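Listed after this line are the structures, all set down as structure tokens.
There are two complexes below, and they share subunit A, which is joined by subunit B in the first and by subunit C in the second.
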Partner chain A sequence: MEITRANQFSLQRLRTYPISPRLAIAAGLVALFVAVPLVYIFIRALGAEPEAWQRLLQTRIWKLLSNTLLLAAAVTSGALVTGISMAWLTERTDLPGRKIFRWMLAMPLAVPAYIGGIVHLALLRPRGGVIPQFLESLFGQPVPTPSPLGFWGAAFILTLFMYPYVYLLSGAAFRTLHASLEEAARVFGRTPMQTLFQVTLPALRPGLTAGALLVALDILAEYGTVALLRYETFSSAIFVQLSGRYDRSAASILSGILVALSILILWGELRLQGQARFTQMESNWRPAPLVALGKWRIPALLLVLGVVSASLLVPFTVLLIWSIQAFLDPQTMATLFRTGSQGFGSYVWNSLWSSGAAAVIAVMLSLPVALLAVRYPSRFSRFISRLCQVGYAIPGVVIALSLVLLVNRALPFLYATPFVVVIAYVLRHMPQAVRASESALNQLSPSLEEASRTLGRTSLQTLIQVTMPLILPGLLAGGSLVFLTSLKELPATLLLRPAGFDTLAVRVWVWAGEGFYFQAAPAALLLVLVSALPLSFLLRREQIFK
Partner chain B sequence: MTTLEVRNLVKQFHGSERSAVNDISFELSEDEILALVGPSGCGKTTTLRLIAGLERPDSGLIRLNDRVVASDSIFVPPEQRGVGMVFQDHALFPHLTVFENVAFGLRGRKPDEIRTIVGEMLHLVGLLPLSKRYPHALSGGERQRVALARALAPRPILLLMDEPFSSLDADLRTEVREHVRGILKSMRATVVFVTHDQDEALFMGDRLAVLNKGELEQIGTPEEIFHESNTRFVAKFMGDSDFLRGRVTPNGIQTEIGLLNQLVDLPAGTSVEIALRADDIDFEIDGSGNSLIVARFFRGAFNLYRLRLNSGQILHAFTDHTKILPVGARVQARVSAEHPLTVFS
Partner chain C sequence: MFSKSKIFITLLALMLIASACGGSAPTAVSEEPAVVQEPAAGVSTEAPAEMMDVSGDLVIYSGRSEPLLQPVIDAFKAQYPNVNVLLKAGSNSELANALIEEKANPQADVFITTELFTIQSLAREGIFASYSPSGVEQLPSEFRGPDNTWTGLTRRARVIMYNKDLVAEDELPTSIFDLTDAKWRGQIAAAGSTNGSMQAQIAAMRQLLGEEATQEWLYGLIANEVTFFGGHTDVRKAVGAGEFKLGLVNHYYFYLQQAEGSNVGIIFPDQGEGQIGLITNATSAAIVKGGKNLTAAQAFLDFLVSPEGQKLFAEQNYEYPLLPGVALREGVQPLDGFRLADVDIAQAALDFDATFDLMERVGLP
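And then the complex of A and B:
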């Protein structure tokens, strides 16, 4: 219901044009492909031996649950506060340099959180970190510094790399919200601050809450950062069960609980999605007047600079310095550029082709689903569309577990091939493609397709000659998102890759884990730069960067 | 020759309680323009979309040039019907130039032929110099004409137009509709034209079909519809009529503002209602008159007065623009029409 409420064109008239059986079958098959790994996890979890359940319930589950929820709550609130305040400062005040900050605040999306974590850990580690060492040499004795390890460290690092989601949402909202709404509040006697808290933010609440729930889902799925900072959550516990102890029934039980939790959050997010309609740009839109910061200009500037430094400038600079050091060291260079399948080139190539293939497949699969959901709204099509967004709620480790079990049993010839990795990317990131395709189709008036029909084209010809060319930018955006997130995907790649299939993400993780920071840096830097390309394409499409 | 025949057409949308189109039948001859007019939600656009094949009827029959395109057992998809359509939002393909838009419906013909036809069509609508432009670089009126040229280029059996002028500014609208009617007539096109605007319907249609709540209230020439309304709805919708109660007598109809000298075929004593338009009423200042001026609306060329009779009945009357009377003045109103008035029993 909520999804179609946002769908302005199909609301005009509930179309009863005969639904194409071909389309319904295609969308149904896509949904089935997505549903099987999900259902399978629940089957395995419920089918696990009762002793395993009992053992876990008595020992691990409660601790993991509180750890996971605590981290999700902390990072979500942190990201909300940071994201909204950064968006407000850059969109609604006379902050100096706000045009540049708008970009810099969004760019951390290109930095995987675990890479940021690696840099901050190297800088701040209690013993041996760059900063503690420097302070010790300066003062001649150890100086206590905040540790990036544990709960607070994980919450801090993850907030730094998750806030851009909220920032982009709220920035777009601040930009597009009708100025007259705020002007009305001012006329009724509210100060700018009262207006912000009593009118603007409440008006944006559904969209921002939906964004916050997506952040929470990401935290439930996060593996790299929490493992690095030694804070145990469901995801990292499942990873250990799978890779170290190889206890599949314990992993299944933990996965079942984690996915149930995620689906609950996703359900809330899907319900809110339809209400988030603030991005409607009206023709008589005009920008809201800027708030003069006055004596708060300098503190505000320092605050924004602090966020940008910690999330973008510092990681980038450190990676750059390490990379230069790597290039200056012949031994590191030799390790990096070994020939054959072990060389740097092959990591890059593996990263690009697996993420690229995932992007293409995800967009193609999303098309029938989006067409069905947007052009033939019904209970059935809504169900299919939501089912295809369930990937948001299946963390990488869980997809890996499910695919290991399923492929072993049903498709053994695929086992230990890179294709399983690609399938995992598609399953996990297809929701982004589905949403992008649906929103592109929603913006396309059905009368264009109808005009093509009355001018003698069949429905298939219309799809190819009219619909596809017109929604292509939207499809590219969806593909870029899938590509970007697949490039960063760590746990599924680590668990599913065949021996010798190394991607940039995997290499960064393995080398950094062994302490070879200089060696890891060029790969990390390249990963960030490759991610920045599709990201800047995506950002250019957003209102706030126009 | 009959181009379009619509018989007992019914369409109900899922989740709606009443039929959007309820048992509508009409016929349209070659070269004729039929205006479907009615308030929003009356089913006029649905009727149009049923004819185009964009909706499937629940029951009923649609025949185009003696070929059944929709019935209980047959449903011909829109691309095989040979109808042209002009959409409310014009629906020009934004990724194609003006030339390519007009050529879209001509696929399968020789390139020379396509060039000739598109050239002719663009010349007809006066847009030949803009053929390389994209739709976003056109004005509203130009887009409107490209949409018309595109729909007419394949020489459709029937042209359907869905509120084609509603997206244009008011001052442009009268100019464009005159131009468009000229083009349609010069092409001898058979047209079904949908509008909610009575003036536009009266102007565009050779005949009018007035729809209300999914049902066809009346079909006829503009003059018939305006002067000989069959139903109260048509009288009200097409001409802002007021309805004055009266009683039939052997000499005419006795009303509150005097005897109307019009004989009707009803037994004496029957109570009736007379549809009166503002130009059917005249009044003059009279301290002991039968009504009171409650409001005056200055309309430029004339004044529209709202009168309240002693019974509370409201009537409207025009006077010329120089005759200005104060609100609150008592006046004597009378029926001044010299043509027969429509009477409903």
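And then the complex of A and C:
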């Protein structure tokens, strides 16, 4: 989420102190912890009976592969087009209300895509949805409306809730890109449009490609939305396998392939990430002149309003109305506010503490990795840092499958405790913590740490007394990000939760799956609101919201 | 840069929310009996001493969806106020998978399914402890597992429900094979391959008609653009709302939808000469071997088979109780008048894997 800044200090490495073995061991252990589930899934996949491989190769794999890749491609392009155009309109034009729109365009990050999907499905479901039924009563006959089901529906809805990633990246880039680049283009006679496509966007390309690949990884991992909209991808197929036959080899095979695919994409993203330095020297930065939209003002405004409505206002309003209806219905209220482990308070508490614990653990584990990678750059430290980012490439359902099998065999006392859920969150969202910690450390001059060492502090004292306080905001940002994404996590929680341990996300899914939308709404609404808090903290750190 | 105060405010707000919401929750184990639900008619309100003795966590894995099981659990808790029921509901086979995985490290005390093939397969794997709930000898013998490993609870029939506003009486289907008729194209809803009752119907058809005919039927449904939902609640609501003309469901979904005021009808299919008869199945329960709370598990099974428990299933869910002498809910058509399909449960359980193969090959959503 955060734009990687130019690595200002990495060249003046600490030469006085050789690589600390303690640090290297700590970082290595973290990497091992992260890598074990991944390796385990590969072993299970390769160890599956040839018969299972054959059955899947003959029937499912090719269809799933094309389904998954098609959806990833469609959503990624959709997110790029939407994200970049929204960023351009709010950053580079005189669009009315652009300051408010900046916020509203980023806020859909607080709405889990499956919740958005539930709302859009209730509104648009062919024949049964609110809108088709309204149109039918209006015109006295069925009016064909676009269906949110299947490929196009899934692509549309996922684009609505994924574009903010691209929007944030491109918004920051539009903001910080040096005006002189574009001015030069204009001097050489390019029109504003030509400048945009020939100069500005190419300059942003590495960062945007990296952002797009992250969106693609999210799509590979997405379970809730595709299951809801009945479009089968690898993730949902693995889930179906798990609730099908009593044999986990098929699920392991599909998981192995999915992870291999994800790692390919992640590898591309990591390569590009290094080049994502479109932040120029801050010294003589000045804002680029705004493009006057002229007669396009109204259409542009409607376009932005449309995006904001579909991705934020409509879901929020519908959830609010449903929640009110839930509160007005005594029976729903009674089911909602039961006592004990089935009470609403218990879901909220479970959500908060498990995500909070995951955030704290992930940030703590990310520290040795980030320290090693930033302060002692080497082949080894880069390898460790990259390894700790594989969480991006292991979808929730795969982590869950791997942990169920692993923990039950190796750590049976941990099995079926909420801690396994927390471990899954940590593994899955560790990359965000690692990236945030690395970026925070990158901005801290090693000379401060050197001074502390010179004054007789040990390396551990230096870490606790000097480094940590200075990078605390960065760590908090990483923690907030882990917290935010853990709150939304659905497939891993569904599979790993012990009996009696339900989170908000699980309750929304279960209730909505049974068709009890009113009952699901308060939990969904609260989930969105709780996510909005860390999100707005994160957004305030971004260039475009200052 | 950022401002420090903002961070602290955010953190503070988060902590406040956490403490406000968590205030009552972490002590979930101590259930206050003060808020016990209204006990069902015929259930004595005073818990005898031996019922107070049964206590602790009772972990139930249930393939029955939560809303259908909850009233029964509530009534059980009214009798056994010291038992804290922890419920994990999912699909039959998802939980069956978990039970197999946990065989050496059992987590659940009781397993409940919506059909008999899953529980029979697990019984063969040695997952369950033998137990004969009091009164179980009155149940028909085909609804009891080998060595008392499991106990049938209630019976349900696979029926077709229809929207009376959209379908005239004279064009009603009479067989599940009519669902592949092109005149219903795009007008039918059903549950998909992850649903236990649907899986069981396909398994039963495989046994009755053979692989080929069942495969033909499934291809026919797909070609007829049947919409497959994850569960039957969606199906009944969609038929009730007029989104679809027909729905393939368990019989009680029709009654539940009718109770919500929809103008829907029910067809008990395949009653004609040479047709397969009405496909039925049964919900069932078993005690997990090595579970941590055997006393509570046994008390729960006793309750499920008792007249009170059976009456609750009949009253709340419109099901057919297996215990003789328990009345059906008013308006529910008794099964006596129908020709029922005859399925060998043990054999169907053995062939269950082939059923999954079939669904996969056909590509049932």
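By our rule, the second predicted complex is superposed on the first by the 531 of 546 C-alpha atoms of A that agree within 3 Å, B and C clash if a C-alpha of one lies under 4 Å from a C-alpha of the other, contacts with A are read in each partner's own complex, and residues count from 1 in each chain.
Please note the rule applied: a residue touches a chain if its C-beta (ideal position, glycine included) is under 8 Å from a C-beta of that chain, and two chains touch if they have at least 3 such contacts.
On a predicted model such as this, the values are computed, not experimentally measured, just so you know.
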Partner chain in contact with A:197 - subunit B first, subunit C second, else both or neither: neither
First, second, both or neither for A:456, with subunit B first and subunit C second: first
Touched subunit A residues, subunit B compared with subunit C: C
Touched partner set for A:466, first subunit B, second subunit C, both or neither: first
Touching partner for A:353 - first (subunit B), second (subunit C), both, neither: second
Subunit B versus subunit C as contact partner of A:408, first or second or both or neither: second
Partner chain in contact with A:62 - subunit B first, subunit C second, else both or neither: neither
Common interface positions of subunit A, toward subunit B and toward subunit C: none
List of subunit B residues in touch with subunit A within their complex: 13-16, 45-46, 52-56, 75, 77-81, 83-85, 87-89, 91, 93-95, 104-105, 107, 150-151, 154, 160
Residues of subunit A touching subunit C in the complex: 55, 59-60, 63, 125-128, 133, 227, 230, 232, 240, 242-248, 335, 339-343, 345-346, 348-350, 352-353, 356, 404-405, 408, 412, 415-416, 473, 476, 480, 494, 497-500, 510, 513-516, 530, 533-534, 536-537, 540-541
Interface residues, subunit A side, partner subunit B - complex: 13-18, 445, 447-448, 450-459, 466, 469-470
Residue ranges of subunit C touching subunit A (in the complex, touch as defined): 1-2, 4, 6-7, 10-11, 13-14, 17-18, 21-26, 28-29, 31-32, 35, 57, 59-61, 65-67, 70, 84, 86-91, 93-94, 96-98, 100-102, 104-105, 107-108, 121, 193-194, 228, 230-231, 233-234, 237-238, 241-244, 352-353, 356-357, 359-361, 363, 365
